[in-house]
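Following this line, the structures themselves.
In the two complexes below, chain A is the common chain; its partner is chain B in one and chain C in the other.
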Partner chain A sequence: MVPVGYYTTLSAVLFTIGVVGVLVRRNPLVIFMSIELMLNAANLAFVAFGREAGQLDGQVIVFFVMTVAAAEVAVGLAIIVAIFRARQRINVDDLNLMRW
Partner chain B sequence: MEQVTFFVTALIAVASAIGLVVRRNPLHGALFLVVNLFCVAVLYLLLRAEFLAAAQVIIYAGAIMVLFLFAIMILIPGRAETGRDPFRRQRLAALPLGAAFLLLVGVLMWGGPPPGGAPPPPGGAAAVGRLLFTDYLLPFEITAVLLLAALVGALVLARRRA
Partner chain C sequence: MELAFPVIGWRVITPMLLVTGTGFACLLLDLLPPKERKGHVAAVGLLGLALAGLATGLLWGQRETAFREMVALDEFALFFNLLFCVATGLVLLLSHGYIRRQGIEQGEYYILVLFAALGMMLMAAGTDLLIIFLGLELMSLSLYVLAGFFRTRPASNESAMKYFLLGAFATGFFLYGIALIYGATGTTSLPRLAEALARAELGRDPLLFAGLGLLLVGFGFKISSVPFHMWAPDVYEGAPTAITALIATGSKAAAFAALLRVLLGPMRGLQPDWLVLVWILAALTMTLGNVVAIAQSNLKRMLAYSSIAHVGYMLIGVVVGTQLGAAAVLYYLAAYTFMTAGAFGVILLLERRGAEAVQLGDYAGLAARHPLLALLLALFLLSLIGFPPTAGFVGKFYLFSAAIEAGYVGLAILAVLNAVIASYYYLRLIVYMYMREPEGEPVVAALTPAAGLGLAVAVWGTLHLGLAPGPLIGLAQGAVGPFLP
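Right after this comes the complex of A and B.
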């Protein structure tokens, strides 16, 4: 049996790769996919912790996280498409209208 | 056998995650992310979470990634990240910061939780469903409202000349 520490470490590595992706990329779609990567890493940690604690609650939480991710992607992609329609450019650094 | 499966899957998962961040073309990134999601589904199977493994493939790799691919196709991937980078120095700082973050989280996560001692429960759809519809009934109902709100919001945003 694989120790739970291995799973949580893998989860930390995947989460960090997602964080770096959000920081270095300019395309909002890739940034979005990096956020999905982070959500997945957190889910993996939830399931691993749940198994170690001998409870199913972790898996139920992961189910809810998946639902929230689906809702977030639907709205987020709609926003990105709307921005692209209005500005014809989608680099995140160009979108500084609401920044002081 | 289980260890071999874990290490091979973990290696593929990390490699595909790096591929997502490194590749310029978002279409390649999306395909790398699909590989990553499948790897996490395999890890769920190793953790005896059969229901979540199926849900992962259906919801994430199926529904969400198809949505991503549609958006990428609409938004013309080729022109996405060209031209000069106005924040190049700040971006280079992201790499040491990411390494420091990994160190921080890795130290916290390495040991894992204190062992609970209880035998691992079966993760079939029946057990998860029973918990979902008893203890977690209220969050489940709120989820329905959330999905409806997302549906309406996406429709309003996607409408031409909103």
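Right after this comes the complex of A and C.
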């Protein structure tokens, strides 16, 4: 059996990739995908820790998180589409109407 | 094999059920004609909130948990339920005329406000990190949509996008924090977490500390504390003003409710570890909020920075962590709800050349043209400064005296200095309204009966909490009883 430590390490790596992705990428869609990566890293950690503790709780939580993530996708894509309609391009650097 | 049917504690979630039912009823009602006017949806929403508030009053004093200790019925949850009912009710009253004038009168608006309120209630009542997470998401997703409700205005789109991306980013941190805490303790339930943490060997688990840190980042975003505040000014400026009021009052109160329940509940034993962190957050938040607010000429932005500063004051109560400190936070949240909703309520009534009057210059000589509205705005601003005999004064008094009593004199002095800085930009607006000559095209006010009622409630709250603070501070002290006896 693969030790739990491997899974948690992978999850930490995925989470870090997600955070870095959000910070360095400029396309809202890619930023959004990076956020999804962070959520899925948390899912992996939940499942791994749940298995380690011998409980089902961790896996049940993942279902809730997936539901929330799906709802978030719906809202997020709707907002991105609304902006794309108004400007014909999407780049977070263009979102500079308001600053300071 | 026999399956045991779980006992469902419907009674515990009565206020939430009422708001849910109202939300669904409004969804159906929205489909019926008239298509252009949606005032009846708002009226049903208000009725549902009033019923939820009534149910909260009837349940007062009971203590129960349900759904395997995932949701609690205690004074803490009930206090916040009442606060959310008032805040959301105020927003509904102020919204009605506003969204009609702005041409976005749609039933979804009211429905989303109701579901945001449901999320807030769930956050305050949740005694499981998962439930708090679900409540947070329900509230946030509704607010993301509401922030972008002016679909054709670039500023509103932009504010929705910024709110969404940064909010979802914070959600990622929050969730990973929960995962790590689950890994360290094997549970997400707050009562069981407290038991697990009481066992000494767990107390210094790095996994637990990393989890708590990530959780604090998530909370920091939601309460817009420095350095996680960058979204707030842009979102406040671009969102419909009534929604700005909801984000500033309700969503902040909900995040504080969950923060208090987690930090002063199971994490209380780790106070020496998180104390310094929250101390620094409080000091930075109030100072930066107030200093940057001085430079703002847009009123909504100014109030955004002012709300950041107020979060700094409220974090003092979290640092103090005594019964009085936590009760002072609850009191301050109630006072802040009335005065901020009132201030935004006046702003959203004023228009110039068909656009919302949000620039400082628009308010020059307002007292001559609209003496009543100018007077009300001045009252709310004085309360935000902390001028007696308003709610803001009593709130600050309780917070700062709790800090001094617990020995955090440095933080109290910093907060008082900050309050002095803050009075500059609030008073500047009052000076504009009363001592400048009106210039340019006249500012018109569109005072509707519903908005008038909303403002009246806000004024009543601001003055009543200032003149007779005793009952509410008593309620607040009872409310923090479940974890700070």
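Just so it is clear, the second predicted complex is superposed on the first by the 98 of 100 C-alpha atoms of A that agree within 3 Å, B and C clash if a C-alpha of one lies under 4 Å from a C-alpha of the other, contacts with A are read in each partner's own complex, and residues count from 1 in each chain.
Keep this in mind: a contact is a pair of C-beta atoms (placed from the backbone, for glycine too) under 8 Å apart; a residue touches a chain by one contact, two chains touch by 3 or more.
Everything numeric in this text was worked out from a predicted model, so none of it was measured.
In the superposition on chain A, contact is made by A:N27 with chain B only, not with chain C. In the superposition on chain A, A:F49 makes contact with both chain B and chain C. Within the superposed three-chain model, A:L14 lies in touch with chain B and out of touch with chain C [touch as defined at top].
Of the two partner chains, chain C is the only one touched by A:L97; chain B is not. Of the two partner chains placed around the shared chain by superposition, chain C is the only one that A:M38 touches, whereas chain B remains out of contact. Once chain A of one complex is fitted onto chain A of the other, the partner contacts of A:V65 are limited to chain C, with no touch recorded for chain B.
For chain A, the partner with contacts to more residues, out of chain B and chain C, is B. Looking at the shared chain after the overlay, A:A82 reaches both chain B and chain C.
Note: residues 8, 11, 15, 18-19, 32, 45, 48-50, 52-53, 55, 57, 64, 68, 71-72, 75, 78-80, 82 of chain A belong to the chain B contact set and to the chain C contact set alike, using the contact criterion stated above.
Across the interface of their complex, chain A is touched by residues 2-3, 6, 10, 13-14, 17-18, 20-21, 26, 29-30, 33, 36-37, 40, 43-44, 46-49, 51-52, 55-56, 59-60, 63-64, 67-68, 70-72, 74-75, 80-81, 83, 85-87, 91, 94-95, 97-98, 101-102, 105-106, 108-113, 115-121, 123, 127-128, 131-132, 135-136, 139, 143, 146-147, 149-151, 153-154, 157-158, 162 of chain B. Residues 130, 133-134, 137, 141, 144-145, 148, 151-152, 154-155, 157-162, 164-165, 168-169, 171-173, 175-176, 178-180, 182-183, 186-188, 233-234, 237-238, 292, 295, 301 of chain C are the ones that touch chain A when the two sit in their complex. Residues of chain A that touch chain C in their complex: 8, 11, 15, 18-19, 22, 28, 31-32, 35, 38-39, 41-42, 45-46, 48-50, 52-53, 55, 57-58, 61, 64-65, 68, 71-72, 75-76, 78-80, 82-83, 86-87, 92, 95, 97-100. On the chain A side of its complex with chain B, the touching residues are 1-21, 23-27, 29-30, 32-34, 36-37, 40, 43-45, 47-57, 59-60, 62-64, 66-75, 77-82, 84, 90-91, 93.
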